[in-house]
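These are the structures in question, set out in turn.
Shared between the two complexes below is chain A, which pairs with chain B and chain C, respectively.
Let's look at the complex of A and B:
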């Protein structure tokens, strides 16, 4: 039964992902992306990763996509606003996509699916208690990268505040 | 999976659905009655005894009205908008513990549709998705006023979600769990969180007014500026769904307030009642107590609506970003210091 759910979810994910880049209307493509995010959250749920699924929905569907939709709705994108893209941009985009795909493929081929072992041993691998220990433990956890990520977010926040200030104030 | 569990949960979900609908229906009547009471009027009293059938009459009227579609290129999204609002408003009730447990037919029935580890985060996730119903509906209406109103509603909901999340964190630091069931159980007796987290409670209360788009934060339906708000172009039961979703989410917000800060189904002397009267009567009283708390908060929502005038938009944003968020962060810091000093 889980396999059927997986196939249905994958079909939805792939279809909406393709529709996101193929539709002409920017709002429609944003909505397709939201549906895509929801089905990815469904994939997390298939792994029984409840925290990841819920946080994915809160962050991506609930915050980022709403802000994106917001911007698109207010910007009123029309056909004539769209700048003509040069061939070089397209080649660069395709090249960078191929590089990302290469890295992902290598990662998938090398990775060891450990989840089956957890299923067999019945070990708790997804509850917030375990996740909190892994993320915030100072010695053998990911405390330092976690803090660095928050510094990165702070920097981008300061950047956004700086950008939204008036022009004459920054250009001294 | 055990088939009896599926049947049990199915029946339970249907009951919760029916109760939410009933509460939302009668909230519309209660709103008009409370408004009438506060303005020294009688209120609706023609349908049934004392106006008790008024919600049915309203529903019948909405269903029988002509469905009108505006000239919009997004007919599908126009129809989907109210559907999202309504289903999101109903989804939250899945993780709320309505009572401890009942002992029926030789088995313990847990009075909660599903007990997930991260139920508070689930509620926040569902709340954040609720903005889509308004945004999509307002945009698909192809009307500038609807779009403006949808933008207002969305920016207001996103802004207040931040303060709401921060106000919850202090509570979670005290409780050490994200499960609503455990939070309810921790508040047994009179250990209600409102006594330990009064500032967090006030911030959460203000934010839930903003999240449900109720006065004094109902700028999304500011009639003098925006005609009817995001549902200007809607008619018939589609508009009914938007209005109904507002009442359903008001009921859910009241429930969350009661569960998080006012002890949920707990009442003083519950353990004594379990020992002396048995599990079932004690828990039935618990459910009734929870519903009394919920009704009080619904009344509070209405009381505020008919007492306080609407904010101006810049005042609303200043309150959210410059007052509530720093206050919530200060509350987190104070709570952390107190926990470190006295709990370890």
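Let's look at the complex of A and C:
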């Protein structure tokens, strides 16, 4: 049962990721990417990682994709205006894709897991309650990185506003 | 409680994230539209996030998931700044084809 779900989800993930790259129209790419993100959230749910699944849907399918779609529509890019690529570019891209996939898969095919017998301890380690304690514990948790993440988001927000502000004429 | 790793095996997840990462690399190399390149970078980040969650489940430790949470925050910041830069580029050269960004070549 779980195996079937895993194979269906993986097929959706890989196929939509490929379609994201291969479709000419950027809006279609964005829509395929949303489906890809939802299937990855399905993988998280398969692991029973509810918090990450919800955050993934909110951040990626919600915030990031809306940002991308708004940019595509603002720039009026929803037409297929990509010039014909030269054959050399396509050959080089496909060759490097095949080589990287071959090297990584060959490395992982030979590797053996360090834990021979996998067992489940039954301990609760990924519910929102436990994750919140790990994240916000002051002594040995991730309290300070959490604060720095908020600073990072603030700085990136200011940076985005400054970068996309219309430049005024500089008089020298 | 049935664990998903007992039925599927960690190897299949490693192969899935490897392939997803390679698709991201392929997208960055293959496309010239800067927004689609951004999407490929997102695919690569997601492949790595998925593998972090897999190993967090494998070791039954919550730290991996917290790390994925931080990585999502960084990805959101990256997309915001990157899209602002793209808007700036579009305002200047009226295209986001990266082959036209040759001004620094001298």
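By definition in this document, the second predicted complex is superposed on the first by the 123 of 172 C-alpha atoms of A that agree within 3 Å, B and C clash if a C-alpha of one lies under 4 Å from a C-alpha of the other, contacts with A are read in each partner's own complex, and residues count from 1 in each chain.
Keep in mind that, in the parts below, contacts are C-beta pairs under 8 Å (C-beta built on N, C-alpha and C of every residue); 3 or more make two chains touch, one makes a residue touch a chain.
Computed from a predicted structure; not experimentally measured.
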{"item": "Partner chain in contact with A:18 - chain B first, chain C second, else both or neither", "value": "second"}
{"item": "Comparing the two partners chain B and chain C, which touches a greater set of residues in chain A", "value": "C"}
{"item": "Partner chain(s) touched by A:51 [first = chain B, second = chain C, both, neither]", "value": "both"}
{"item": "First, second, both or neither for A:31, with chain B first and chain C second", "value": "first"}
{"item": "Chain B versus chain C as contact partner of A:128, first or second or both or neither", "value": "first"}
{"item": "Which superposed partner A:8 touches (first chain B, second chain C, both, neither)", "value": "neither"}
{"item": "Chain B versus chain C as contact partner of A:74, first or second or both or neither", "value": "both"}
{"item": "Partner chain(s) touched by A:106 [first = chain B, second = chain C, both, neither]", "value": "neither"}
{"item": "Contacts of A:63 with chain B and chain C, given as first, second, both or neither", "value": "both"}
{"item": "Intersection of the chain A residues that touch chain B with those that touch chain C", "value": "51, 55, 63, 67, 74"}
{"item": "Sites on chain A touched by chain C in the complex", "value": "2-3, 6, 10, 13-14, 17-18, 20-21, 26, 29-30, 33, 36-37, 40, 43-44, 46-49, 51-52, 55-56, 59-60, 63-64, 67-68, 71-72, 74-75, 77, 82-83, 85, 89-90, 92-94, 96-97, 100-101, 104-105, 108, 113, 115, 118, 120-123, 125-126, 130-131, 134-135, 142, 145-146, 149, 152-153, 155-157, 159-161, 163-164"}
{"item": "Interface residues, chain B side, partner chain A - complex", "value": "77, 116-118, 121-122, 124-125, 127-129, 131-132, 135-136, 139, 147, 150-151, 154-155, 158, 161, 178"}
{"item": "Interfacial residue positions of chain C with respect to chain A in the complex", "value": "1-8, 10-12, 14-16, 18-27, 29-33, 35-36, 38-40, 42-43, 46, 49-50, 53-54, 56-58, 60-63, 65-66, 68-70, 72-81, 83-88, 90, 96-97"}
{"item": "Partner chain B, residues of chain A touching it in the complex", "value": "27, 31, 34, 50-51, 54-55, 57-58, 61-63, 66-67, 69-70, 73-74, 127-128"}
